[in-house]
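Pasting the structures in now, so scroll down.
There are two complexes below, and they share chain A, which is joined by chain B in the first and by chain C in the second.
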Partner chain A sequence: MSELSARYEAKAASTRTRHTILVHVLRYGLLALPAAVIGTFVLWPLLMTIVHSFDQLDGLGHVTGFAGVANYQALTASPVFGQVMQNTLVFSVLSVVLSIGIAFVLAMLLNARALSASRILLVSLFSPTIMPMIAAANIWLYFLAPQFGVVDEMLGWLGLGQFNWLGHPGTALGSMIVLFVWKYAPYFTLFLLAGLQAIPPEVREALRTEDPVGWQSFRRVILPILSPVIAFVTTMAVLYSVETVDPVYAMTQGGPNNGTNLVMYYLYQLGFNYFSWGQAAALSVLLLVSLSTLSGFALIVLERRTFHWQ
Partner chain B sequence: MAMIDWNRGKRAIKWSILTIIAVLWGFPTVWVLYETFFTGAAKWGFTFDNLVQAWNAAPFGEYYRNTLVIVLGLLASQLVFGVIVGFILARYEFPLKSWVTGIFILQIVVPIYAVLIQDYQILDSLHLLNTLVGVMLPYAVSGIAVLSFRHAFRSVPRELEEAARLDGYGMFGIFRRVYLPQAVPASLAFAVISVTYHWTDFLWPMIVTNTNQARPVVVGLAMMAQASESGMQWNLLAAGTAIVVIPVLVVFMAATRKILSAFSATFNW
Partner chain C sequence: MNIFRKIPMALLGLSMVAGIGATLPTVVYAASKAPVDLTYYYPVGVAGPLAQIMTKLVDSFNRSHPGIHVSPIFSGSYPQTLAKVETAIQGGNPPDVAVLNSTAQFDLIHLQAIEPLDSIVKAGDFFPALTQPKPGGHYWGVPFQRSTNVLYYNKNAFKKAGINPNQGPKTWAALVADGLKLKKIGMVGIEIPSDGTTYWTFEPFATEAGHDLGGNIGTQVYFNSAAAQTALQFWMNLSHKYQIMPKGILQWNDVPTAFVDGKTAMIVHSSGSLESILTKANFPVGVSFLPKDKSQFLTGLGGGDLYLFKGIPAAQRTAALSFIRWMSAPAQAAWWSMQTGYIATSPRAYAQPAMQQFLKRNPQARIAVEQLPYAQPELSTYQLNQVYDVIDSALQSVIDGQTSIKLALDQAQQQATNILAPYVNTKGN
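Entry: the complex of A and B
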């Protein structure tokens, strides 16, 4: 009897180990395909980009020798690079400040009533957010068209002359900032609104009775509660503005005179127009370091404080 | 009494500022739609002429089919991989787990823009340039989906699983009956994010495709815009834009609040 039970036990144990091994194999097997996709299209390209940035590459992208930091030197020495960096800086700073500022005003105005507002108001406010950037850029291209466009027509009514908005570096970059703010300010509003919902109603009520004007309560209570959301939204705005490329392609192709050439478009040009793959790899590495740091930061903010992913 | 009036006045000011901003924000789109439908040979009359002309000027039917395949194909693959990986990460302990999680977080943190050129060359060596599969492959697994399903599955109480086991369900049955229903809200929110992202994505599909057979509608529109800009066919530009914008607007009008809350419930990179 005891012998029988011992045999039964042993058999059960061996089935259990075999079962465990099978489960392990299944588990790793299921993870293998998705991990391989990321390995092929994120991890490997990441490493190769870093390696190639120190290599000499021919027009087809084949390695012809070791370059040291020559690619980085050639990249940063070119006057276009300086221009592109300046454009990107101006574009990003103004876009981020204006879009977050307007998003804040909108969030305060909508406050808790956001989703009970009339549909027509929501649709017109958020329509730029949901359409593709290319379509948004086309709308502004049409809007700013010399002679034809509404803007020129309106200037005509006021007795002012026509102006080629996209034909001058300053106004062309300005138009792109307007486009960015138009498209993204309402989008950022959504996140700020979600942050405002997190303020408990009792706190809101207490603030209303104690400080009806609102400035002190805004500064002392609302702003600190919102600060992680603001940090997250600002990081996202910086990422989006640095990654802006669609409107450059659709509206100006980087012109006039590289006046609207932003860093992502320049990367595209370096690779696919000029075939200087070495410099393109060097620029990719610079972008990689800065953008990954930013999105890593956003992810940490998000995980830790706002949305409780863990 | 005075207090009430003051409050009412404040609210009126708030709503008028909001209305002004909303009008300003809506105006460009409305204007393009107006120009599409109300200008042409016969000034001041409703017409489909511009729309028809634009539809014939570029293969929009083909573009839309490509977009549909890309967007739905990606959504399906991201959901399937997201559910499987999210479930394994939420429910099991195994060696190197944090490294595996790290790979999926890497996908979120590394912007595709920085590895664009390498991805292009990899597709080239796989002979997948200019194909729909090529457009989709680098996005086939989404780290955001993995993280949000992992979160959804973690919130399932273990007692529920034990109860199902006592009822005689195997691992797959438990997964299907206990865990999968918990993934539905997360899937819906993720679907909104994924569809919006991939249907508006431009640079990657533009680089990968060079003929109409794999071009999504956004890339087609950009190509058309360049052609019409150089030829000064502004009515085509407006109508082409309308072809792209009208379907989104219709969907958005039908489900305004659902879409907006999905946006703020999670996030978009």
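Entry: the complex of A and C
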């Protein structure tokens, strides 16, 4: 009897072992494919970029020797680099502040009348967002064309003169910021609106009776509830703005006088127009470090400030 | 028995009956061989529907050459096309043929991307001005869409302002005088594009004032010469002192639009924009040489050549050579010139009967080729795009009022010298 049960147990154990092995194989087998894809297309190029940023590269990107920090020195010594950094800073700060600010106001307005005509408004607001950036840039290129563009035409009705918007570094960068806000503010509105609508009706009811003016409830309740969403959209806005390259390519090619040369476009120029692959790799590494620091920092803040209903 | 077996049988029977058995092997061979596919990148650098015209030209080649199929790929502006070609080379998949700036040859040679095309260039009898320079003693590009800077003017506006409509202003002083008269009748006197390829519209003015920006030496530029400063001061005077040119940076593509809209009376633009301007303008258009100052009617050459790429299979190489030879032959050169306004690249192209008739109808098209003896080589260096960006930025920063002429040009000279330093001892190849 005991012999028999022992045999059964041994058999069951071996089945269990086989079963466990099978589960492991399946588990890692399933993981292998995505891991291979990430390894090949993300990690390996990332690693090679870091390595290449310290290499001497010829015009075709072949390694010809070790460069130490020479690529970084050459990159930062160029006067264009300073201007590009300044452009990117101005563009990103203004784009982020304006798009989030406008998105916030839009979300509050839409939330206040969520049940009435806002659906159509929402759809029309959202239309720039679903448009590919390159198409949006071409539409704006037409809007801004001097003499016959929509913007000049509308200014003409007001009796104002024609203006070459993309012809001056300042106004060209301003136009880029307007394009960014036009495209992304409605997108961020959606997130903020979702955040606002997640506030339970009884909380809203309580706020309305306790604080009819609304400022205190806005500051002490709504803002803290929304803070993770705000932190999230801000992080996204910063990343999107630093990554902006398509409108530059389509509208100004970084000009006039490098006035709209943003860091991603400069990266493209360094590599594909100037064949300075070493400097391009160095700039990629700088971007990688700064962007991951930024988003890591944002995630930490996000986690700490997260509001829990319980 | 299916249809595919029937055809050769039928052919065999037919050929035997007709007694042409000897030609059969070739027929079968040609029918069984897939056409050689060629990839061909090209840019559009002037006004007009050039992409459509190019597609027509290539279609006509494909129809007349059954063994070859060329896929034309429109690749943006000249620098964008160069960037795409460069990417393709790095990916180990170069195009077979591409049209790129004739000035890009230094960089292409340095990248070991192209093959010399000596036999085609020598046999082509092209205008000598179009086949210079010869880095390393070879011809690297076959002249294809070449142009000069010309002055377009509105003849109606000239009449209205009391200026002789049969010729454009011949000197810088006459340009200013005409501009002032045109301003009085409420028009913009002149527009010279200062965006995209600022160096190209600027270089003839600098040359006219005494020195070019560097020509085609490859490793040396003269951005801060007294001549360049004089020329830039003249541009600034047009917009600030005489106020006959709009202030600020003028976009390459907007300038012809302002001209055909009748808002601007004179423009400097590529001769390659001629056909598009003639088609769109509803007034008689005059074309003339650029005005002279110290020397005589100097203009700048520009435009693109056909290049053959290294590292393509032998069958493709042979097909690519036929394609380049066909594209640059007098008949096609004449057709392309009539459709676009680019210079037909050889005297033989101008001797074509169709071209002769065309010139009778459109005498304006003569100007660019008559200008060739005065045309100066386009600024051409190693690290071309970077050097262009340096001089373009310097010119634009002055035009936009951010920097003084001297400071901007001195800085540009310094930057360009640094960029070119590693190449100074490189001779040609």
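Heads up, the rule we're going with is that the second predicted complex is superposed on the first by the 255 of 310 C-alpha atoms of A that agree within 3 Å, B and C clash if a C-alpha of one lies under 4 Å from a C-alpha of the other, contacts with A are read in each partner's own complex, and residues count from 1 in each chain.
Note that in this section a residue touches a chain if its C-beta (ideal position, glycine included) is under 8 Å from a C-beta of that chain, and two chains touch if they have at least 3 such contacts.
All values reported here derive from a predicted model rather than from experimental measurement.
Using the contact criterion defined above for the overlaid structures, shared-chain residue A:Pro79 touches chain C, although it does not reach chain B. Contact comparison for chain A: of chain B and chain C, B touches the greater number of residues. In the overlay built on the shared chain, the residue A:Leu46 is in contact with chain B alone; chain C does not reach it. Contact with chain C, but none with chain B, is seen for A:His168 once the two complexes are overlaid on the shared chain. By the touch criterion defined above, A:Pro256 lies against chain C but remains apart from chain B after alignment on the C-alpha atoms of chain A.
With both structures placed on the common chain, the touch criterion links A:Gly61 to chain B and to chain C.
In the superposed pair of complexes, A:Asn138 makes contact with chain B only, with no contact to chain C.
Of the two partner chains placed by superposition, only chain C is touched by A:Phe275; chain B is not. Within chain A, the residues touching chain B in one complex and chain C in the other are 61, 145, 148, 268, 272. Those residues of chain B that touch chain A in the shared complex are 14, 17-19, 21-23, 25-26, 28-32, 35, 81, 84-85, 88, 92, 94, 100, 103-111, 113-122, 137-138, 140-141, 143, 146-148, 151, 196, 199-200, 202-203, 206-207, 218-219, 221-222, 225-226, 229, 234, 237-238, 240-241, 244-245, 248-249, 252-253, 256-257, 259-261, 263-267, 269. Residue ranges of chain A in contact with chain B, taken from their complex: 24, 27-28, 30-31, 33-35, 37-46, 48-49, 52, 61, 102, 106, 109-110, 114-115, 117, 119, 121-135, 138-143, 145, 148, 150, 182, 186-187, 190-191, 193-194, 232, 236, 239, 243, 245-246, 249-250, 264, 267-268, 271-272, 277, 280-281, 284-285, 287-288, 291-292, 295-296, 299, 302, 307, 309-310. Considering their complex, residues 59-61, 79-80, 145-148, 164, 166-169, 253, 255-258, 268-269, 272-276 of chain A touch chain C.
Considering their complex, residues 77, 79, 82-83, 86-87, 89-90, 107, 110-112, 195-196, 246, 248-251, 254, 257-258, 261, 263, 383, 385-386, 389, 392-393, 396-397, 400, 402, 411, 415 of chain C touch chain A.
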